[in-house]
Amino acid sequence: MPASSPFSEFLSAVAQRGRSIIGIRAPDELDISSSDVIALCHNLLSSKGDASGIALSFEILERYQLLDEGEKLKFFEGLADDFAADGAIVQQVARTYLDDPTPNNLGELSRATVPPRRNLIIRLNQAPNATFQLISMRSDLLDLLPDHPELKEVDRDFVTLFASWFNGGFLQLRSLDWKSPAEMLEKLMRYEAVHGMAGWSELRERIAPQDRLIFGFFHPRLGNEPLIFIEVALMKQMPSDIASILEPDAPPLDPASVRTAVFYSISNCQKGLRGIPLGSFLIKQVVEELKRGFPELKEFVTLSPVPGFGQWLRQLIEKQNGEDSGSELPNTDIEQLQQVMSVEWVSDETQIQPLKRVISAAAAHYLSAEKDSKNRPFDPVAKFHLGNGAKLERINWPADHSQNGVDTSFGLMVNYLYDLNEIEKNHEVFVKTGEVKVSSEVSSLAKTFDRSVNPPNIRDRSLV
Amino acid sequence: MPASSPFSEFLSAVAQRGRSIIGIRAPDELDISSSDVIALCHNLLSSKGDASGIALSFEILERYQLLDEGEKLKFFEGLADDFAADGAIVQQVARTYLDDPTPNNLGELSRATVPPRRNLIIRLNQAPNATFQLISMRSDLLDLLPDHPELKEVDRDFVTLFASWFNGGFLQLRSLDWKSPAEMLEKLMRYEAVHGMAGWSELRERIAPQDRLIFGFFHPRLGNEPLIFIEVALMKQMPSDIASILEPDAPPLDPASVRTAVFYSISNCQKGLRGIPLGSFLIKQVVEELKRGFPELKEFVTLSPVPGFGQWLRQLIEKQNGEDSGSELPNTDIEQLQQVMSVEWVSDETQIQPLKRVISAAAAHYLSAEKDSKNRPFDPVAKFHLGNGAKLERINWPADHSQNGVDTSFGLMVNYLYDLNEIEKNHEVFVKTGEVKVSSEVSSLAKTFDRSVNPPNIRDRSLV
Amino acid sequence: MPASSPFSEFLSAVAQRGRSIIGIRAPDELDISSSDVIALCHNLLSSKGDASGIALSFEILERYQLLDEGEKLKFFEGLADDFAADGAIVQQVARTYLDDPTPNNLGELSRATVPPRRNLIIRLNQAPNATFQLISMRSDLLDLLPDHPELKEVDRDFVTLFASWFNGGFLQLRSLDWKSPAEMLEKLMRYEAVHGMAGWSELRERIAPQDRLIFGFFHPRLGNEPLIFIEVALMKQMPSDIASILEPDAPPLDPASVRTAVFYSISNCQKGLRGIPLGSFLIKQVVEELKRGFPELKEFVTLSPVPGFGQWLRQLIEKQNGEDSGSELPNTDIEQLQQVMSVEWVSDETQIQPLKRVISAAAAHYLSAEKDSKNRPFDPVAKFHLGNGAKLERINWPADHSQNGVDTSFGLMVNYLYDLNEIEKNHEVFVKTGEVKVSSEVSSLAKTFDRSVNPPNIRDRSLV
Amino acid sequence: MPASSPFSEFLSAVAQRGRSIIGIRAPDELDISSSDVIALCHNLLSSKGDASGIALSFEILERYQLLDEGEKLKFFEGLADDFAADGAIVQQVARTYLDDPTPNNLGELSRATVPPRRNLIIRLNQAPNATFQLISMRSDLLDLLPDHPELKEVDRDFVTLFASWFNGGFLQLRSLDWKSPAEMLEKLMRYEAVHGMAGWSELRERIAPQDRLIFGFFHPRLGNEPLIFIEVALMKQMPSDIASILEPDAPPLDPASVRTAVFYSISNCQKGLRGIPLGSFLIKQVVEELKRGFPELKEFVTLSPVPGFGQWLRQLIEKQNGEDSGSELPNTDIEQLQQVMSVEWVSDETQIQPLKRVISAAAAHYLSAEKDSKNRPFDPVAKFHLGNGAKLERINWPADHSQNGVDTSFGLMVNYLYDLNEIEKNHEVFVKTGEVKVSSEVSSLAKTFDRSVNPPNIRDRSLV
């Protein structure tokens, strides 16, 4: 029966034929257990693994998938306990090093502390489709981690290997279009995390017109599975709302009038790669790629949500309403902000103008002054782009009337500007001082607002 | 100007344009020094590297190549000294762990001992063509290592990363033929380490006929650059000499009469990957691939040199000639062996028959009983194949009349048999007991010869 | 529109740049006329066309597309009149030949009669995307033909060239799957002519499961544009209704249990290629391809509509109801058939059994005995498959409850069997005698029914 | 032989399996005859061919190849006689047309005159690799034609079909480089007709350096088999001798200093496509392609041989030596030209300067004024380039010291300039008046020489 590719077909055949060679029978969902899988893992690290590595790895990964959640937890506990570095040896080597801290003894100590499970994961990777399955395995692990901090060290081994395997040199930038494999495009729909697509016709509008582009990072081992992708609109100027991009059936732009590339959605696809930095590398490469392909482009900006703003603003207003408030904001602003909550601006355009100034000012303040415990922008999307060295160029309100946009960003969207000649300098200042780059317009706006609340804890789906 | 591939072209453009961004001028061969390069390496690990990673990495690798040998040594010493783990911190963390040996403290210790140069190498890898340049860098390092043991820890970091990057899952098995890119085939000629090719017409004879095949491992990042390749002849039966394979202008076999696949040459291509096991994985995958493509194949054997045999035999005879010998070999054998050295068997066929038995017996003994300090076969090719779980099936003499064949193998070649149903069992026995698998014929031969000498130290070019 | 590859992009650039070279301005929809286009066609056949052929061809095809229907008619009339063979010369050459009928004079006559428009079409074909545009041009011509028989000779020139360009040697058989380009799959949905697909999810069910396959013929010049395609289901046995194939969410078959390949839809995609035989060649190649890929397949059958049966049956019954009928069918059959029309068998299963025999018998008669004026089966699908040498294996009723199935085929579907060992013999008998091959079961059924009506005139959409 | 793709393999399988279906046994070289092959051709045009077309076509083409020259002649005579249009029918249709010269009757006449062998060739084309074999078949026919003018009509049918199959729209322009398939590059060596290559290292020098390019036309049906190719050197200025291009181990140019693209060799590869114009189309597309890829290029010129000049000059001098000469050339020129023949200028540089003016003048005259019976340049290469609309820019002597260069071109080479803005105009003037475009320098040179001889009959290998 047709397999995904000739070579993976071949690997599958080897792996499955291997069962008879390694002397085990096909797994049965009823009686599969984590201890079986752990036992096979020991085999894989033994001399058996030298000879039958592909077959054993395949078997382990297949059986793992059949485990229920409880057995998966036991499996990870097995990895944590059975495949850790040998404490007795580490202690001995550590003492030797402390007695005689030579480079060689330091090296020995380093090697003694490496848990065997790291080599186990490398061996598992030889099975067909293993890289994708290992990413899924870590995704399971991430779900267990909050309640099982004892698995943290196991997770760190995955991260160490993934950081090595998915480093910039091994990523492949691909431009997707309406000629791309349907399987690949279907995944875009599934993984889109910012402005969801309702189906193929919406997807088609984002990829088939000449002024709409999608780029993604892929990995040679993962086939049509994207790691992260970014959606781009070529426009005449910096847009101030999302409708101007997503409007259906808009006629494509005359290529000659294109001036601005707008990044309006960036989505991580693989939960199991959380913590492996991909977005910053992607966005910079896409800027370079666009410069080459469209020399007429003058400006590279995002149109981004501000996912922490809604909650922050609501908490701010609640506090103002509380007893201990009053003095920190001008009375007129307080009144206006209180009004914001009750006014139907989403459906009633006449309500917008009076509110626009105070909301924009609050947003300017929120984005440039509200920081987390590490002195980084509290807002996750702002942290990503400003951390990359982009500049906060403009605040747009209202810019997103969708339910999700109103709920999380209070209808606000902002433009971050990527100027390749400024990025490095901005990034260095950011790393050293925490200071973020904003346009003079945003800076002025922020000065009209001077009040801070303790920011709530918010996760952004798209850029974790 | 045409570049190797669109994307590498793009990376080059980015990298070169980067010079102005990162504020350095193009290197000048006259004044380039290792200290400049080390300074850039520090930048790459700092926040500068987040923003300008590709450009910095490209610059470092380009400049490295312009260093002379002395400066390269200083560069590696810089890696050893400046990019090692911080001893003070390690000592502190080690003490914490010894006081409180929790898994978490063990993890901390493990991380504290990782030298920053490992992350440096990962970052360097993002430059265009970096993986190949890093392999070359390690090749330089291997040249320096014998005289500079203090660089051993630097080498271990390369090995750790290469073992992760070149693990089985990331290798691509390709079948090469006369339609393959000329650039790729040219490399085969250059890397062939067992039976050298004099030019394109010899190459053509090894790859164009239907009964001649070449397979190689490639890596997605290395383009047309092979890692290792193996040459295969499809034959009617197990061959007993190399001429029957390399004979020019032999008519290709009728596919229906093919019965035996013969592996007659396997060559590692990248010195910088020494120590990363590729050969064993390749040979097994090629067996699987051939089984699929040619279901009529019944037998998979090598026709291999015995590169340690010549020297071993000569030393054995010398010793026999020395004073303290005499009793250990039957007199007739001694005489015959002494005769071997003086007889012109290469050019005089009549001399062969009388010598055949004693040489074959000596070889059977040499291959099955002469072991190194770890109880592995002393002969490097035997160690490779028997360690893989193959069986020593037959000894052929004379089988190779070439100068190199006579010098190193004394004209001897042997067949190792790869039987997929036996490999795992043989390998396990080998790992546990050091016992090697030989056919009954070879076993009988070996019994007629009972004498051992201390084996000399020999390296085989092809299978290190 | 077919794919634009880099090279077609290049051709477009050349073609468009060409306007300035050939000294004409960009067309304006308002004032474009057929006489302009005809004038450019004269240029293309002159020495101007040697130098600026691509640009001129591009211009002609672009302008043609802007013509309205009336101007298109004038354009074709221009082709008919201005680009016909020169009558005066033909008459002279014809007389020479009649006087002296040598092979050479015959050749001269043949060449004199070739209309210059044939060379014109060959020259037009050099423009980017020209082949597709020429097919569309003929599609327009086919629409005009019924009312404009004077254009028949123009059409014949298209047919002559298309028969040469789309002959078997230049067609490419491709297997489509869920990894195929989205653009290509979208076209399948548009062109499906037998069992329409409502959207991407229905398409996915026909192509993504392991037991569903689609094959098509493509042409190197037409990119992702299919010429014809066939949909295949791998099954345990010959199916008797379409629901068993199109049922959503059916679990895919175990590959080991597959025994029968079922062709359940075949659709021509390019109206402009009407009359160029593709279907017969496709179905035979797909049988060969499936035999190679799935050696376990034992049987190759269709599940086909009988698109002329509905109308034939209704006319038959009407006639029976008319005055001059009565004697030709047994009374019971007449009654049953009359009943058929009024009975709600589509929704009421209990009505089916009593009607089954008489309808099946009528169908057996219709398919095996009702012939057109050339003694071919009157039913267009039957004519196609039986003409190919297939055997009418089984009649299934009811087999298709869809509105279209009930309207055209009266809910009937049949299985034609493709037995490669019989096809040639059956085809020869068919060509020589008009006799069609039916199974003994169908033959027996037909004998129970002996009545014929003049068949109405019916076109089948899918197999013209 | 062209590439065998997986699909052609499939076709081969079908074709060979077909033998049993079509009921014939494998051919035996001993008893194969043209009458067998002709009999199979009749089958192919009958209903048998509908069902077993691929198998029959394969069989015919395979058997044809086994025929000896005498039997091949008989085979072509069979095509001429048995597969001609039916004279009796043509005569009848011709009379009908003469009586009533309607368009429809003209169409009928045209169809009646088409020989059935044209359809036969189209059917043959469906076999695997058939297009290449049909080209070879015509190559055989071209060899027979001079002695067998009765086969001329058969040849015209091949030409008619090849002109349709190899028209511009179906050709694929490919850029070849050192990554191209070895099989393809090997063919370049074999087909090079202007400046022969001695082996792979010479080929490598023409294709691997960044300033050397090769482009070719390919056809989708012919795999790696080129139709025609052109070799290009990127240079600082227009070259005046071939050594400056072919010099081994010259360092590649700095891309920034490239200004001129030089076409120094163009070779037709398929003798069987003689008469199908490819060169003019190729050279113009390559100019466009180079403009796109190297915007810094300012000038596109050839460095071309003058293959008729040697013989023309020798004849001229002989005549001058004859009795009836004397007055037509100035005495000094006569003396110098006579001297030319005896002087060892090839090896003696001091002899060159005195001869340079008179030889250049003779060449300027030869190229611009010596015409054939159709008023086209007598020199075949000049006819090609000047006919394309190029300008004769410069005459270089001595420019080619190779034996072949001295023999045919008297060591002369010239530059033809391709200026896309002038080509069309030049071509039109050429077609209408026969006038060729020369630079003022060449024009002045020509005026210093005023004498014409009857040009001898010369064929150029490379541009027929």
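Of note:
Per-chain residue numbering starts at 1, and chain names A, B, C and D are given in the order in which the chains are listed.
The rule is simple: a residue touches a chain if its C-beta (ideal position, glycine included) is under 8 Å from a C-beta of that chain, and two chains touch if they have at least 3 such contacts.
These numbers were taken from a predicted model, which means no experiment stands behind them.
Ranking all chains by how far their C-alpha centres lie from the centre of subunit D, first place goes to A.
With centres set at the average Cα position, the gap from subunit B to subunit D is 50 Å. Centroid to centroid, with C-alpha atoms defining each point, subunit A and subunit B lie 40 Å apart. With centres taken as mean Cα positions, subunit D sits 59 Å from subunit A. Pairs of chains meeting the touch criterion are A-B, A-C, B-D, C-D. Contacts from subunit B toward subunit A in the complex involve residues 7, 10, 13-14, 21-22, 47-48, 50-54, 80, 84-85, 87, 90-91, 94-95, 97-98, 101, 103-104, 106-107, 109-111, 113-115, 122-123, 125-127, 130-131, 150, 152-153, 156, 161, 163-165, 167-170, 172-173, 220-221, 280-281, 285, 288-289, 292, 388-389, 420-421, 423-424, 427-428, 431-432.
By the touch criterion stated above, subunit C contacts subunit A in their complex at residues 3, 175, 177-186, 199-200, 210-211, 213, 224, 255, 293.
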